[in-house]
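Below are two complexes that have chain A in common, paired first with chain B and then with chain C.
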Partner chain A sequence: MTALPPEPVRKLGLVIDLDTCVGCHACVIACKGWNDVAYGAPLGDADAYGADPSGAFLNRVHSYEVQPPDGPAQHVHFPRSCLHCDSAPCVPVCPTGASYKRAEDGIVLVNEDACIGCGLCAWACPYGAREMDPSAGVMKKCTLCVDRIYNDALPEQDREPACVRTCPSNARHFGDLADPESAASQLVEARGGFALMPETGAAPVNRYLPPREKDWDETGWGDETDVLAPWLAPVAEEPQGFLGWLDRTLGKV
Partner chain B sequence: MHPARSLIAFTTLSGLGFGLLAWLGIDPTPPTGAVAAAFYLVAAALALAGLGVSALHLRRPERAWRAFREWRTSWLSREAWTAALALALSGAQGLLLTFGTGLLPALGMGLAPLGWLAAAAALGTVLCTAMIYAQLATVPRWHHWSTPALFLALAITGGALLSGRIAVASVALALTGALQLWCWWDGDKRFARAGHSLATATGLGGIGTPRPLFPAHTARSYVMDEMVCTVGRRHARKLRALSLALMTVLPVVLLQLPMPHLFGFLALVSHVIGVFVSRWLFFAEAEHVSGLYYGRR
Partner chain C sequence: MSDQPTPDLAPRVSDTIRKTTCYMCACRCGIDVHLRQGRPVLIEGNRDHPKNRGVLCAKGAAGLKQVTSPARLRAPLRRVGPRGSGQFREISWDEALDTALSWLKPLHDAAPEKLAFFTGRDQSQSLTGWWAEQFGTPNHAAHGGLCSVNMAAAGIYTLGGSFWEFGAPDWDHAKLLLLFGVAEDHDSNPIKMGLARLKARGARIVGVNPIRSGYSAIADAWVAITPGTDGLFILSLVHELLKAGRIDLDFLARFSNAPVLLDSDPASPTRGLFLRDDAGRPQVIDRRTGKLAPWDGQGVQPDLRGRLRRAGVTHVSVMHEMADRYLAPHWAPEAVAGRCGVTPAQIRRIAAELARAAFDDPVILHRPWTDFRGHRHDSMVGRAVAVHAMRGISAHSNGFQTARALHLLQTLLGAVETPGSFRFKPPYPKPADAHPRPHSRTTPGQPLPGPALGYPQGPEDLALRPDGTPARIDKAFSWENPLSVHGLLHMVIPNAAAGDPYRIDTLFLYMANMAWNSSMNTRGTIDMLTAQDGDGYVIPHIIVSDAYSSETVAYADLVLPDTTYLERHDCISLLDRPISEPDRAADAIRWPVVTPDRDVRPFQSVLLDLGARLGLPGMTRNGAPRYRDYADYITTHERRPGIGPLAGWRSGPAGIAHGRGDPNEAQLQSYIANGGVFQAEIPAEAQYFKPWNAAYQDWAVTFGLADAPQPYLIQLWCEPLRRFQLAAEGHGVIQPPDHLRGRIIATHDPLPGWHAPMSDGFEDPVEYPIHALSQRPMAMYHSWGSQNAWLRQIHGHNPLYLPTLWWDRLTLKEGDWVRVISSRGTLTVPAAHMAALNPHTVWTWNAIGKRKGAWGLDPAAPEATRGFLLNHIISELLPDRGDGRRWANSDPVTGQAAWFDLRVRLEKSAAPTESQPAFAPVSPPPGTGPSATEDAC
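Moving on to the complex of A and B:
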């Protein structure tokens, strides 16, 4: 059914820490690796070793530079995947009922046997979180590793999404965001976690933790930041010799 | 958005076909016999060709029948139903008008409600097609009442041209041209009006002004191919002028000339080419919000 379920009691999702993410793409690879052999059709590639390789990924890591009004620019790595939205716009548009949101835990999934590969759900997603499988011709998306988190065959510490399990800087957290007592919710509360593009009305479940404020004053990064800083200061503010002459002459022209 | 040839051909051809079926449906003095057969065959061929081409857009066309299931929520599913309904009703009407000429006096006005229903279903199909695009809040240029208005206006205009209604078509062409101009003028502002930016997309606006530093992947991806396609916009202004000239201005002039069969046909050809160009721009100029993550629109 492509009607959205009533508000789920549990809302499983990810909390992604933009402060500690180092942009190593390990989550991208862990996700690709797990989903190559797990839920549904293997996450496919096209022309993998050829001139124009491409493939479906359920997680992508962007890198942005943020320029505050005062202070130096910050570098933020930004993992992007399905946010398992409360009012998932990708679900009601599906003509076949293949795209659905689970009533029990809020995970948004695709029933690949019913998917006709029209791509309308990917158009409806504001976050670009869905990608068509180039070989199976069905829509792929983050399953929140539904085949890991409830999997009794796995050791308990592995019963979390592959991206969370693999993250070397602990920038990814998994939990029930409907439960205010869960570790994930507590983290969102403590760090001022936010939703992406709230103006779309999709009401995403996943939260992002903002980069922490950096120590900084007008003189630079503070005395202790870099012992080499005094030696790296420019020795001549004004150009000398030939360059100085060129600079003065061109300045007059 | 990627201007997929299958979708451009589908929306243009099926719009014309269903537009013609709508005019045939409400005609109080419909053609009969061989003339009716010709009109209905042209309309059905256009509508079916459009629907056939649209199946090319599916990655798993053998499962297309499943699209009838979710009519409660999905405009794509509703489109499948209205298209089937329109073809069935118009088919019945067309068969009666072609082969049942002996029955017609007995039926009298009894045939009219069938025609009205067929016309409603035909325009309903065009409406559902347009709503597939208009419902997408992710594409602010499409997410507007003017999207179904323009699709319906083009279908009605094209249908009037195809069915040889010169006076009606002339007025419809002028009105549709004005609507198209306004859609371009207003559409250019809709992305900014929706308030999306890289700052809201990343939530980093609270710290400062974000800009993309390096890409998430070096190869292309489905999202980039499909949603972040900017190549088709390069000649947008010239194409707009060309589209408006071919779609409305030239046909209006041609329709006023003598020899309506020759110049009417030329007006139709010009109009259809113009609609193709307009539909190309409809896709190529549409900006999807997910492009923001890639620093593009």
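Moving on to the complex of A and C:
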């Protein structure tokens, strides 16, 4: 059993923009690629070319449909990974102390040398953010690329999580969410970022930015009638009238 | 915490990083390949690459797994069992090349057209096209005919360029993006990056797509259009904008052919052709004088209202014709909305949004520039409406006219090459008449007189034999589809099997999966590949080159195993499908960053080797091979003096030169030293209005993209189409067969129009009330991805997604299966519900379904047991009319495969043990299959 540290001064985390995520899975594979060669055991893929392939992924993208009461159905892409909770429920349940939260930056990690693969932490996680490695038998989870962000072997601009570096639609941002002046915090402030399922009490650090309001009134002009309707005020109803308008308009030029 | 573990925070994951170019789709981003002791361990995006600026999609990062794929071929193969059995023996390269030569040499010497050489997702068409030309066969094309030739051809004939690698939205200035039917694209990462930039500026995105997924999912507004009606929808927008006078008159007058005068005399044999002067220049009325003037005369101010009676013939401007056409009430929103599956109010709303974005607040860049008529402009004024489209509107039998309609809409708004709108990427803009014409006259033992593919300007450019029948095996450039500028890959095998227009001897395929997901009527195609007559197979020889054991490999007589993209040289050339961006010309290379561990050779080098062994003139010098390999070709080949496959680091009179220059032995080293890519920024005053901007035209000549300035007008009235119509009306000496006259007149409208998909005339929409589409997933590119251990865990099978209306009507629940019935056949497949759909459209992911035994997968893989292809129930031919003719299921202008015209009906089904139809397994070729690799751990 492991104790959570006192509330860290820095809370590193991700800010994920559901308004620009197109569901391309770039982050999923970039994460897989880095973590296959970096932190801990390689990420296993059981039955990779078989009937039931099953690999460990630290980040997955799900798609959901939202049906507003009046308006067309919407489709939301939702990337899911460890939220590096302040009150991470996965940490205290660990019988060996393998699961822990770093005091200096709040990153939640698994010390694979001490992990016995019992899976208690995965049961405890309300977000389903941990996966058992099918080959190594140890618990895998997002490390926030702790071995990239402090990695002096990498160029400075690459010292960010692999998912953030690769995201083509700029839907993933990384920073210190305890610092209100950080770019990540500013983004959360400006866009109404929210914590996922706060009712769990886990106090996630990661934030999601909501999709902005969608869809014009399907049946009319909505509240923009006065602004938009004049743009279609007819100058003519038939070709001769149009050519007359053309004459008048060009005559003025 | 004192006992907190201390992980290694600075691991060195690789000992070497090599920068090359991705090949996991047609986007072709820059990649950093991390190597550990020579083996690739990680792929990241190259931050200095103009295409992706460091980001990388799922496919690109998963490219590692292509190298270790169990589907990789190991050595050349010679078939030993019947075709399709997958029984091969491995042979040496000497035997392989001797075998190929023994088939090809007699054809070259006696009947070059008996070789049909077609490529699939190939990115070396500049080489393969040139090779076919040197061999002397007209029967060459890549896969454009089954992909998006409607868009490419409409773009080039109308605007002088198209979308994807040819042009892009002005992401920095657009305020409204109209996005038609794009699921995943050639410009994969740039589009994603661009959408994010639009959103960051608060620009709005409208998705016009029967399916609200991917890019349309993040759009601000969604138009759930009925497939095949995009043209109606667009022309209704045109109607509304014209009626409201919300059009850019200045742009139309200066830069389009709206002011050009047409012969409008109904009795004239040149009706609908431009009035030209003795030098052949189309004429306008000059507002300064009220008199005729050539369109490009210095200082001329073309008058949109032009009208002239001369020699008894009335001539009016194209603008008059457009007013007559598009103000007609049958384009009004009320008249089209029902067919489009939208409301009239939605059409009006979007028309108004377009007008506001274009005209309320023009984008003004303070960059003075001079146009081709010598007129100096103080600034660049643009319209902040961008448009992007791809296969969604293209893969219909009315797709050419629909794409033309979209370009008409852009032009009316002044939204082409202006700030905020749509921008060309070098070497585009390039008008249709600056491209070669098609060549098809064969001479035994000799090259073709020019490239097989080109851009016809009228009936005289068709590829016809002296008796008027098609000269090409795919019937490209025939009266059945005159502007088939990318050929018709989907018709090669059916036509060869039918001997229509003739039989061939050898079918040579590169990376084209014709026995599976690249053919319509899969089962029928397989039967054609194995069909026999008295002398053996109807197609006597089949050569396939691929790196992987695709379904098609099983049908080859000879297999030439290719390397992966990390193991060979390539050039992403400005002569081919460029990777430029609107503000810069760019090209790039691939180079062997990994050494192959097996007896495979890069196809392009093999092709040059074969060419030398055949003695083809371009590939030999004094009887010896002209090129050592593809790398040597890339460096030393010149297409025109000073112009080669790569523009960077050539050799000039005073040292290194870019664009034009002599070959430079050290060129590839310079590319490698610069991250595999070359970029040349276009001067700021030349970055917009490129077709008309004298500074751009001069830059393009200096750089070598053209040999002389070639300004042109946007061709709203497409005169080549009118020439085909005139022939069909009986004018001229080159005449279509009678049975095609009516169709040509109806579909070759010189102004953008709309006609119902061709198959609607033969398949009862009441009997088949549902549209069925496929989409390419963002994490998978065609058939390649399924062999990839990581990507197949994202898309391992593909249900059929049904809209709520049909889900409820069939009382389906999760886990149910449905029968999907077209006029061609029946599928039985897993069903899934999706609400965000056009109410009469079903869809599935493209090319996930696999045949058992192919692609190195276990026969029980979900791709084979629950995956499926719509291809099985799409025919390459329209339903039989009982007239004895084979009517292609293709666009009548371009020959584009009409995949998305598919109509079906649905029935609930008991769950079978696997998706139907099930095909017998093929045997994996030697060295492939799920046990062939240790990578599975």
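We adopt the following convention: the second predicted complex is superposed on the first by the 216 of 253 C-alpha atoms of A that agree within 3 Å, B and C clash if a C-alpha of one lies under 4 Å from a C-alpha of the other, contacts with A are read in each partner's own complex, and residues count from 1 in each chain.
Definition applied: a residue touches a chain if its C-beta (ideal position, glycine included) is under 8 Å from a C-beta of that chain, and two chains touch if they have at least 3 such contacts.
Keep in mind it's a predicted model, so treat the numbers as computed, not measured.
Student: Of the partners chain B and chain C, which touch A:W123 in the superposed model: first, second, both, neither?
Tutor: It touches chain B, and chain C stays clear.
Student: If you stack the two complexes on chain A, which partner ends up touching A:L14: first (chain B), second (chain C), both, or neither?
Tutor: neither
Student: A:A56 contacts which: chain B (first), chain C (second), both, neither?
Tutor: After superposition on chain A, A:A56 lies in contact with chain B alone.
Student: Looking at the overlay, does A:P211 come into contact with chain B only (first), chain C only (second), both, or neither?
Tutor: both
Student: Of the partners chain B and chain C, which touch A:F78 in the superposed model: first, second, both, neither?
Tutor: The answer is first: A:F78 touches chain B but not chain C.
Student: Let me test your reading of the model: by the given contact rule, A:V138 touches which partner, first (chain B), second (chain C), both or neither?
Tutor: Touch partner of A:V138: chain B, not chain C.
Student: Figure out whether A:E65 sits in contact with chain B (first) or chain C (second), or with both, or with neither.
Tutor: both
Student: Could you look at A:T166 and tell me whether it touches chain B, chain C, both or neither (first, second, both, neither)?
Tutor: In the superposition, A:T166 contacts chain C only.
Student: Give one of first, second, both or neither to describe whether A:V108 is in contact with chain B, with chain C, with both, or with none.
Tutor: Touch partners of A:V108: none, neither chain B nor chain C.
Student: With both structures fitted on chain A, tell me whether chain B or chain C touches more of chain A's residues.
Tutor: Comparing touch counts on chain A for chain B and chain C gives C.
Student: Hey, what residues of chain A end up touching chain B and chain C alike?
Tutor: Looking at chain A, the two contact sets intersect at 3, 52-55, 57, 63, 65, 67, 73-76, 97, 114, 211.
Student: Show me the residue ranges of chain C that touch chain A in the complex, using the header's touch definition.
Tutor: 1, 3-5, 7-14, 34, 36, 41-45, 47, 52, 54-62, 64, 70, 188-189, 192-193, 195-197, 199-200, 212-222, 224, 240, 242-246, 249-250, 287, 303-305, 319-320, 323-324, 327, 343, 345-346, 348-349, 351-353, 355-356, 359, 778-779, 787, 789-794, 796, 834-837, 856-858, 860-862, 865, 930, 933, 935-937
Student: Okay, in this complex, where on chain B does chain A touch?
Tutor: For this pair, the touching residues of chain B are 1, 57-61, 63-64, 66-70, 72-77, 80, 132, 135-139, 194-196, 198, 200-204, 206-217, 219-223, 226-227, 288-291, 293-294.
Student: So in the complex, which bits of chain A are touching chain B?
Tutor: 1-3, 18, 52-57, 60-69, 73-76, 78, 80, 89, 91-98, 114-120, 122-128, 130-132, 134, 137-138, 194-201, 208, 210-211
Student: Taking the touch rule as given, give the residues of chain A at its contact with chain C in the complex, in rising order.
Tutor: 3, 5, 19-26, 28-30, 32-34, 36-39, 44-45, 47-55, 57, 63, 65, 67, 72-77, 97, 100, 102-103, 109, 111, 113-114, 135, 146-147, 150-153, 157, 162, 165-171, 211-212, 214-221, 227-229, 231-239, 242-243, 245-247, 249-250, 253
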